[in-house]
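A, B and C are the chain letters, set down in written order, and residue numbers restart from 1 in every chain.
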Amino acid sequence: MANKSVSNTAGTNRSFIDRMGGQKFIVLILVIVMFIFFCAMSPGFRKYTTVVSILDYSYYIALMAIGVTFPLLTAGVDLSIGTGLICYSLIGGYLIVHQGWPVGAGMLVTVLMGVIFGVINGCLVALMDLPAFLATLCTCMITRGFGAFIVGGYGIPWPTATAPGGWFRSIFKIQVGGQNIPIGFLWIILLVIVMSFVLNHTKMGRYTRAIGSNKEATRLSGVNVKFYHIMAYVICGLFAGLAAIAYSAIFATVQPGSGAGFELDAIGGAIVGGVSMSGAVGSITGTLIGVFVICLLKTGLPFIGLTANWQQIITGFVLIAAVLFDILKRKKEEGR
Amino acid sequence: MNQNKASKQKMGGRKVESIKQIPLVKKVGFNRIVLCIVLLLMYALFCILTGGAFLGTRRILSALNYAYFLGFLSLAVTFVIATGGIDFSIGPVMFCCALMAGFSFTVNGIPMPAALIISLVVGIAFGIFNGYLVAYWNVPSFITSIASMNIAKGLASVFTKTQSVSWPQTGADGGWFRNIVTMGGIPMGLIILLVAAVICAVILNKTKMGRYILSLGSNKEAVRLSGVNVKKWEMSAYILCGLLVGIAAIFYVAAYTTVQPGYGDQYNNEAIAGCVMGGTSMAGGLASISGTIIGVFIISLLQEGIMALGLDKNLQLIITGIIVIVAVFADVVARRRKN
Amino acid sequence: MGEVILTMKGIDKSFPGVHALDHVDLEVRKGEVHALMGENGAGKSTLMKVLTGIYKKDSGTITYEGKEVEFHNTREAQDAGVVIVHQELNMLGHLTVAQNIFIGREFKKGIRIDDKKMNEEAKKLFDRMHIDIDPKETMSRLTVGKQQMCEIAKAISHKAKVIIFDEPSAALTEAEIEELFKIIRDLRDQGLGIVYISHRMDEIKVITDRVTVMRDGAYVGTLITKDSTKDDIINMMVGRVIYEDPKTQNMTPKGSPVVLKVDHLNAGKMVQDVSFELHKGEVLGFSGLMGAGRTETMRALFGADPIDSGDIYVNGKKVTIKSPEDAVKCGIGYLSEDRKRFGIVVQKTVAENTTMADLDEFCNGPFIDKKKECEVAQKFVESLATKTPGVDQLVVNLSGGNQQKVVIAKWLTRNCDILIFDEPTRGIDVGAKNEIYKLMNQLAAEGKAIIMVSSEMTEILRMSDRIVVMCEGKKTGELDISEATQENIMNMATREIN
């Protein structure tokens, strides 16, 4: 009975940080401190274009992270989102560029591909009982091969902003008087609100958390555990599909074979934002804040003279630090 | 009453014997026999599909080149999976070893033996890093390995300033190291791989280390309560894994010369595929070195066959992905039936 | 007491090798608290599992509200109004109280879950029970007692007509038990039928109206609580006056040295200030109810769980035990109550398990001498009469008793002088039990010191030279076998003497 020892710390005497949202609050301060740090260290960082570029990076990572929060909450994981994103984007772009499909239809296919692979992942994990990390590692490789296979190994340039069909790029960025306005951020905020609602106020979200907390007890309560377990991966796939759109809208060309490592940014962001590897604990807003830690690293480090490669190393350590923090926190809660 | 008891015991005895037969046939022989047949059938199939072009030794040697480094990777990950863990940093770490050692040789001009040692040391260092976090801090092994995968990629890129590295050709200064693959027409690589496999099998089945690795993979708590320092032995599996990855790096460059930073993760799945196909259980505690080797040959032959048929090499990724899913699912079903 | 709401008649249930229930009867009326009593393994939980559809009965009838019924799973039973409040709580620690109570049947407003209404309904439930729990509090933050109240609230919310409490007080404090009793009385007064499973004699007297006693899977009888004495009930529970060879005197040789001394050991909540001594050649029994902290004491002593404070002396020398590794070096071996999880590696062979604790002895350098290993394993297979086709047999294929012998062999191989047997005969059939007992006596005669944790009274009285009794993490008594009786042990275990 792990809960016995927690019992005495009941409601009233929670710390200030806990009342402010716990880890989320600390990480928010971290984001602000990091921002100030980079501003102080580099004059180049103190520019409007930098803010835009941070946001540019944040869109697809944030979307992936929102999605992967659901499998993480069930105490699973989805490692296929990074290569999946590229795969879906390649297939959608291939239909638009090489098959002459309208952009809207191509985008729909992109998102749909995400959902399909979400269903596949969900079935592998929930119905076939494969370990989540292994099943999604396989779909990671499969999506990577599949995307490259479809396009024949060549990069796909989605239509540019000025080309016909380029309207989709203005979903995330519009130009007013020569200035880029990053309106994509509004979409992210909107989706965070929607998914927070789903997580906290619908059956879907409630059961996602319940599965992560105690799958067997949830099943015994008469919940269709398999369905909701699959749905967590479907949501993740859907958001990987949306992230694919964001990625295609921001970057000029999508390269087959890339995308490995994106999942680390997203999972790292979620865990830094307070999602527990052991399931059930975490929030969408926390995830979003965590994503900004990663994005600040991505855009900020080059300004202080460290290459993108350093960013990869540091993200690895940040992930381990966040997981260690989570483990120590749980140990403390269990008393010993 | 007494009679009753005796008959019950007899029944128990018979039950025990009947159970005994099944796993012996299934686990020891059956799996590997089937794998060998699959290997032969695949070879025959490729011969027919390529119209005989597959028959010569050229294709076989080329497939073997692939099998060497993959074999070491697969042996490496077998030890980690035997503990009930997983490591998918092995591919990128292998590249990291090859890049750092190669860069030291070509740019910094250190002698070849030192470069080879660097490769091993880098591999072992990553093994220690992964093992320490998993064994002493209880970090889930897949998290440690995705982190170290990215660290390995980043480190290699930083070290080489994102340049690819070409190891010396045969005949060139330091090119003697290629003798480990072929020496005077003898496929040294195959001999070394098989010797290494025998050593690994001995370690796994005949030594204290192997005994503890398999036992703790099966029931870590029971082993701990037997007074065994499980943390030490769990970490040792990761260190051995790192060493074998370092060796794999040498075989990779001996066969393919050039390595590029930022890659290597496609080999994770192939190594794990070889391992799980060979009958090593993802749940830990059950591992077969000979199975792993046959599994590696199947994957290598598949790769060569896809090339020979002029198919898209991306098919390889898809097929190995599906192989792993099927192999692991078979393992899950087998375990479910046992319970 | 009202009309009969539930009748179970002639319930029979067998598992392979065990006749778990032998034509058991039970009758529950509306508005009564009916105690179901018996020693561990008497079949109380099995009977309730048959009732709620977890097990299928072999024969017999269940009549509920005048109709013959058979529930196929807990959910069917719940929907009909028969609800069980488990000893082990089935809860989702990360969700709130109200979310737990209504999991799987949430109130909804469109697609939105109506948490406000759920909180209100939960509040109403708690008001009805006259307890104060915030429905919005996270479950894991509550005390175990409050969590139990939430389980009860969940049961009531199912519109239960019969509620079964399976040892509800096992983990509760005095004050929480008071609160629990108040709620149970309320429920009784509202006309519900309550089945109350417990070991604690004093509770039975306080809360129940009638008592049904079971022994060895059979129905013994039903009494009206207020018309019967505690001794009546204990006599019915124990039944046999003569045990199978009970020890009548301490068999430890006079003046045999103290090999293990535990001084003021503290480890978490379940081990508070425990001290005792163990002599060479002695069997020291540890008695107490479930959750009394006996296993926790042994695990702390063995280094499996961290110690907060206290000293341990082995052969008069103070030792530091921080891990099982240290304990084994001191010559202590531990045989866990849960063999499959903590005792053996089931996927390994008899020989491999036998040498697990002492592999260094079987190694030439890094290599294992398999011949020597097999010889030693074979020797123990013969001396312990382990039934196995061979030492290369996987342990998973052996029966419980023989698995236990493999664990014993493991510690004998290591030559441990102090052996801790935690529930040595749990899950072992009668014939094999006797063999294990004989073996333990033989080991003690050879000069090993043995600690035996057991929940079976007969086992304690049959095997022990001295008996330590624990209750709620504290040592509540120590008896020589010559002065020990069921009654005084039971008294100490239920804290009547303190």
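Here is the rule we use: a residue touches a chain if its C-beta (ideal position, glycine included) is under 8 Å from a C-beta of that chain, and two chains touch if they have at least 3 such contacts.
As the structure is a computational prediction, the values presented were derived from the model and not from experiment.
Here the largest set of C-beta contact pairs joins the chains A-B. Distance from subunit B peaks, on a Cα-centroid basis, for C.
We define each chain's centre as the mean of its Cα atoms; on that basis subunit B and subunit C are separated by 45 Å. Averaged C-alpha coordinates give centres for subunit A and subunit B that are 31 Å from one another.
Taken together, the subunit B residues at the contact with subunit C in this complex read 5, 8-9, 12-13, 16-17, 19-20, 23, 202, 206-209, 211-212, 214-215, 218-219, 221-229, 285-286. Touching subunit B in their complex are the following residues of subunit A: 77, 79, 124, 128-131, 133-135, 137-142, 144-146, 148-149, 152-153, 256, 260-261, 263-264, 267, 277, 307, 309-317, 319-320, 323-324, 327. Subunit A meets subunit C in the complex at residues 1-11, 197, 201-203, 206, 209-210, 212-214, 217-218, 220-223, 280-281, 335-336.
On subunit C, the positions that touch subunit A within their shared complex are 74-75, 89-95, 99, 103-106, 108, 111-113, 115, 134, 137, 139-144, 146-147, 171, 268-269, 305-306.
Subunit B makes touch with subunit A in their complex at residues 86, 88, 133, 137-140, 142-144, 146-151, 153-155, 157-158, 162, 261, 265-266, 268-269, 272, 282, 312, 314-318, 320-322, 324-325, 328-329, 332, 336.
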